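Following this line, the structures themselves.
Two complexes follow with chain A in common, the first pairing it with chain B and the second with chain C.
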Partner chain A sequence: MSGNLFNFLNLSPSMFDRLINPDNVAVVGASTNPKKIGYVVLENLKNNGYKGRVYPVNPKGGEILGYKVYESMEKVPEDVDLAVITLPAELTVKIFESVARKSRFVIPIAGGFGETGEKGKKMEDEIRNIARKYGTRIIGPNTVGIYIPSTGVNTALVVRERSRFPGDGEIAFITQSGALGLLTMDSVSMYDVGFSAFINLGNRVDVNENELLEYFGEDKKSKVVIMYIESFADGREFMKVARKVSKKKPIVILKAGRTARGGKAASLHTGALGGSDAVADGAFKQCGVIRAYDEIELVDYGRALAYGRPVRGDRIAVVTSAGGVGVVTTDYIESEVRGIGMKMADLSEETKKKIKEEVVPFASVENPIDMTAQASDDDYDGVLEALNEDENVDAILVYALFQTPLISEKLVDIITRWHRKGKKPLVVGTIGSDFALEMMKRFEKNRVPVFPSIERSVKALKILRERAKILDYLKEVEE
Partner chain B sequence: MNEYEAKKFLKKYGINIPPGTLIRTPEEVESIDLNYPLVAKVVRDDIIHKSDVGGVILNICNEDELRNAIRKINQKFDAPALVEEMQKGGVEIIVGVLKDSTFGHAIMFGLGGIFTEVFRDVTFRVIPITDKDAELMLSEIRGKKILEGYRGIKVNREAIIDLLLSVSKLVEENPQIEGMDLNPVLAREKDCVVLDAKIIEK
Partner chain C sequence: MSGNLFNFLNLSPSMFDRLINPDNVAVVGASTNPKKIGYVVLENLKNNGYKGRVYPVNPKGGEILGYKVYESMEKVPEDVDLAVITLPAELTVKIFESVARKSRFVIPIAGGFGETGEKGKKMEDEIRNIARKYGTRIIGPNTVGIYIPSTGVNTALVVRERSRFPGDGEIAFITQSGALGLLTMDSVSMYDVGFSAFINLGNRVDVNENELLEYFGEDKKSKVVIMYIESFADGREFMKVARKVSKKKPIVILKAGRTARGGKAASLHTGALGGSDAVADGAFKQCGVIRAYDEIELVDYGRALAYGRPVRGDRIAVVTSAGGVGVVTTDYIESEVRGIGMKMADLSEETKKKIKEEVVPFASVENPIDMTAQASDDDYDGVLEALNEDENVDAILVYALFQTPLISEKLVDIITRWHRKGKKPLVVGTIGSDFALEMMKRFEKNRVPVFPSIERSVKALKILRERAKILDYLKEVEE
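This part shows the complex of A and B:
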């Protein structure tokens, strides 16, 4: 009976609160060997500042990293919100029932399940059935697990000296591949990008992307959900959930792999033309999902959407202190082929006059506005003020280039202020090495959408424009 | 489902097909009420690509030619023929349906002929679609300019959108359908007409 009740309670999306922010965590298969995942998970919990109670489980008992070790799950003094099993597949199955009966969520880390063949699939059935009996939910198996910066829960195995975990943020990341997910997070840690949660679905014997998408759709902390998916657990259900979520917050998906197609219909023209993932592409459009094509786009678009505002029209004003950057940007904005097919705004006479007479008499007042190397922080302030008042401008792309003498770190604050208070959505481009990177981190800290190249800045604009169109579309099809 | 049955099916959903009739023997020719020129096509469930096997006779201008055509088809395929009025003008488009293993039934739209064969210029949506979806499908193919009026070519966009919506509805109400090719469809100034139709059921 109690199992059934637990099951019932565990069906609402908010149940994942206990996964993200568990009161206590058991690590089954805890180890004293620093090279073993059973040690690393404990170390992660300790070093990431996890504040809940930690229960290492190992028949040998003793103490690891100052935590008392329990000889079996039975001996753990209370039921736990989360149990991480760091044992090999067969051992995992063997002790699974003892863990499931005392845990709300179980993460079996081990590979060697369904991905290896029939025997592994049977083991998956076995743990799934046990979990159902107790109303326990499984993430995985064959997963690096989860990483939640805000609560310090981290089950991932990486060498700390050679990789970084990002800090807290507003991006929720659901990934089918653990390694791709961890690599992506490591690489964007360079800019101090933060995440609200990272969850690796693994073999997905129980919890799938649809439930998590629904959860993060409701989660107040997450402003955007980014996903790496190779195959959908249930395509139609995904569309239903995604349509609901994308009304509230953006979803970006990196979808890899191609869809297999039924035999009979392949004799038809339509069947043959349906190759690649043309159907998925259409489906995403119908549920407001934005597509990324690699891990860089995935996080760039996620950041643009988490920090930026939807762009309501095609007319872009570009501000730069480097003429060439303006010219290349213009090509990228206007070209349909290697570009985003939007328009350079025709600035109003009033704006041009303001810029020419009051701000920067030496600058070109045609769009792109080239303020030249003589530009100062205050000049940027004045130009951004003028552009924010221009009816002909739908969004602003401003390049913060710190290499010239009159530009200082203050520019970050000035642009941040316009990003927060200005009427127009704004994207920042910055180009350069160490110093530029430091400035990027400051923009990132201020939640200003900043990108380290012309192309990536322009693509962010395109995505913010797409988001506005998606919101219009979802409204229209609803009516 | 053969072409004759497929077209009857389409007609039930208000989809425009050429005036035509099924003719079994040369003797039945006298009773037809169709305007020449006509086309005669073999109707047999196992023949999907009729023109590849010589099962399509075009430009039939009078009763004698029609009688000959029917006789030929009877002899060659031991099967009846669908006889239809030849259609003129417009732009060839293709509308199709497939059943995707992830998303289920999906509808495809594209420009016909070289655009689909060479450029694969087609777009998909999951069924059911809204009129907004249909409209977006028309405007996102690379050859979209042709549908907007190009060098004297004029097409009725509303008629194409209606066709897509009708196909979506038909499949929604008949989920046993596994695949469909409406190819070609002529998109004309006033209407859309389905010249050939293939429907595969489970």
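This part shows the complex of A and C:
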């Protein structure tokens, strides 16, 4: 239905530019109480460096955080791109028309709508009808709203001292669950992972995942779209949009509620029905969507696809300074059971000769290439150069292990250079604590796909291989 | 063969007490160069607070780090429990007899032995024969040696500023790969995970995994034994020992080289042949060994088993404040494909009533119990109390998510109390960055099994269920 509405209003996807980068924001229900969402949203705008005009609205008037407070939406001196309503559900409905008539986008934060029963569903109908009257679009209700690192718009309430928000990046994140989304972003902030946008759909009375997917499909900044979805607003429309977007950029979806019991939990959570998982799986394949199964895979795959290149064949070369890591990696690459069912490359004789004679005489030149604890930064450089010239190699997994004496921080730059200029797609694995974490942040800053365990590194390769297959498939179907 | 030698010498496993907690240590090849292992071992002993007597040995004499240096092993004033030889392979062989005759245990660190070919194998025979003559036992060669947090013995060379060593704990770690072992310990130091001992077998000319497994099986401090193994020294002996130990404490093994190509890589790495993976799998089942597939599972499972209790049935109750986390968890618990194939508990009517009426009226009382972002510490306490009384629940997975306003650090104490005194085995999941990490360290300190993702938390439950089944099986076979 939302798909039809979208067509009916003849809106362009680029209208979402005004949501992502609003000229001005009204906060309806602004509060002086630092624990209330009506304060936190204003605090977020101030602290995140939001550069547009801010209009707090509260009948009491006055000033909050240096912003002049307006007694009603009517008194706000101009129409706004975005209005955030931080009031409880019934109050939200009551003042909704006064807000909608002056706003392009409205985010009603409150829960207590459709997820609680019939009465709530009626309230949703009410605000939807008002919004249509004015051509205003709604995100939510029952949502933590949106977080846009580049423009400083952040409507989410979490305890700042116990949670981190990520910086700017190229990953667009659309989620039906606000909490899961915020937790996931907090978690990957440990590696300084960046996002282009975070949007929590909530009860989805108006804007749904399909319009947003189409928008981020066109958005130049976003290199990948990741989604947490419990149910699709309009499956047919989704497939149409996903297929179109997949040709341009990868889509990764964590589809929750894939078991009967999980589906039941999802219906209690967001009030929507999920449908058969086998159907979802088939649909994803047809429209080129990559599937993730948990919050770790969702962002790992997003990062792999945003920073890495599609892998055009199954033959992987592995470079390590720890023999055991090479063995376990080999198992994971070759095994179908606990592994990705790809192949260890058989290196050409020339590559082996080059590595053995010119680069690292003490290394094992069978793939996995084990350079031992004697490996230096330069050794890595030489081995990566040799592998980049080998026609038997489709992709490289290189372990950057910083614990041995002849390795330095420069290894990050060396690997980054091969990632950017080498002929082969490359994935980096690293294992360690504080120092490894710092180096991961540097790789992340350089947009090199890096992962903190053997399994996660290998799975990233699988996903880059899958992306190449998807592109081939979509092209084939088109012809 | 080593098993026979073990019997022949009529040594008790408790002899390894002198390796773990030596009265005195000789460092043969002591050096004043801080980059050399002959210096680092002395530095480790000093910095880790090793309390025994230390005898550096170097023909030059003098003093290193305040320790008097002896010109030869002959001049060391007493026999030693442990001698670490930090010299190259050929020199190690040359002076080996002078060391072996005065030492209970010798650790020759150098590579360049059996793993390099026939000549190296002969050198191994030579030191093995000398050791036998004196009843001296060898760990290695080609090893990073041992690390014992509680006694301060640490023979491993890594760059301190780029690597962390874990603290004291109840996990015994036996590994065939030194580097993989050190990397893994560095990695979990992020959560302050502790170890009772770390022993790198190296080329295994004498002491092998079977004797050590038997020792740690008896060791009161170690609650679990985790092992990285590429090949077994004596498979038959291993099964005998493992079966005996499994009855007392859990064994987790990462058996690498499980694919043909992985096996080949392993043979190049440690020079040993792995054998069929199907055979290993069957053998593990028979002797109650739990299998891990990578470095993350190895320690996760070790921690789950060291701190958690066996789970006696398939019915899991899940507590969360984030609905989406509950849905994904439900999928992982119930699914056979990407999941553990267990069951979500059907809570009794009484439990539901208790939770709804007395504890958290706003929560979803269907399992997963979603307490929403309004959850408080006390709500968790009440819900855990109710679940502990429910006969339909075999174990509890509780998510401690610290990002919402009414949760505090006290939640760690509340959950710890239910872990210790509750009727049901309990696993904790958490998702986040800096603050979550600090809370994970507290859970770890309290020996509560805590994991930083949905999948890892759920897999810990599976392993605790597997442990219960193993205990039943071993008992049944015995009767």
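Note that the second predicted complex is superposed on the first by the 450 of 479 C-alpha atoms of A that agree within 3 Å, B and C clash if a C-alpha of one lies under 4 Å from a C-alpha of the other, contacts with A are read in each partner's own complex, and residues count from 1 in each chain.
Heads up, the rule we're going with is that a contact is a pair of C-beta atoms (placed from the backbone, for glycine too) under 8 Å apart; a residue touches a chain by one contact, two chains touch by 3 or more.
Nothing here was measured: the structure is a model prediction, and the numbers come from that model.
S.K.: Would you check which partner chain A:F232 touches, where first means chain B only, second means chain C only, and both and neither mean what they say?
M.R.: The first partner, chain B, only.
S.K.: Output check: A:D186 vs chain B and chain C. Expected answer is one of first, second, both, neither. What do you get?
M.R.: second
S.K.: Does the superposition put A:A280 against chain B (first), chain C (second), both, or neither?
M.R.: So A:A280 only meets chain B here.
S.K.: Between chain B and chain C, whom does A:D379 touch in the aligned arrangement: first, second, both, or neither?
M.R.: In the superposition, A:D379 touches no partner, neither chain B nor chain C.
S.K.: After lining up the shared chain so the two structures overlap, which partner does A:A322 touch, if you call chain B first and chain C second: first, second, both or neither?
M.R.: After superposing on A, A:A322 lies in contact with chain C but is clear of chain B.
S.K.: Tell me the contact category for A:P405 with respect to chain B and chain C: first, second, both or neither.
M.R.: second
S.K.: On chain A, which partner's contacts cover more residues, chain B's or chain C's?
M.R.: C
S.K.: Of the two partner chains, chain B (first) and chain C (second), which one does A:D219 touch, if any: first, second, both, or neither?
M.R.: Touch status of A:D219: no partner.
S.K.: Using the superposition on chain A described above, determine whether A:V477 touches chain B (first), chain C (second), both, or neither.
M.R.: First partner only, chain B.
S.K.: Between chain B and chain C, which residues of chain A are contacted by each of them?
M.R.: 259-262, 264-265, 268-270
S.K.: Over in the complex, which chain B residues touch chain A? Could you list them?
M.R.: Residues 48, 94, 96-104, 106, 108, 110, 116, 120, 122-126, 129-130, 132-133, 136, 178-181, 183, 198, 200, 202.
S.K.: Of all residues in chain A, which touch chain B in the complex?
M.R.: Interface residues on chain A, with respect to chain B: 231-232, 235-236, 239, 259-262, 264-265, 267-271, 273-274, 278-283, 285-286, 473, 476-477.
S.K.: Can you name the residues of chain C that touch chain A in the complex?
M.R.: Going by the criterion above, the answer is residues 35, 157-159, 161-164, 175-177, 179-184, 186-190, 228, 230, 254, 256-262, 264-266, 268-270, 293-296, 321-328, 330-335, 338-339, 344, 364, 366, 368, 370, 373, 401-405, 431-437, 452-455.
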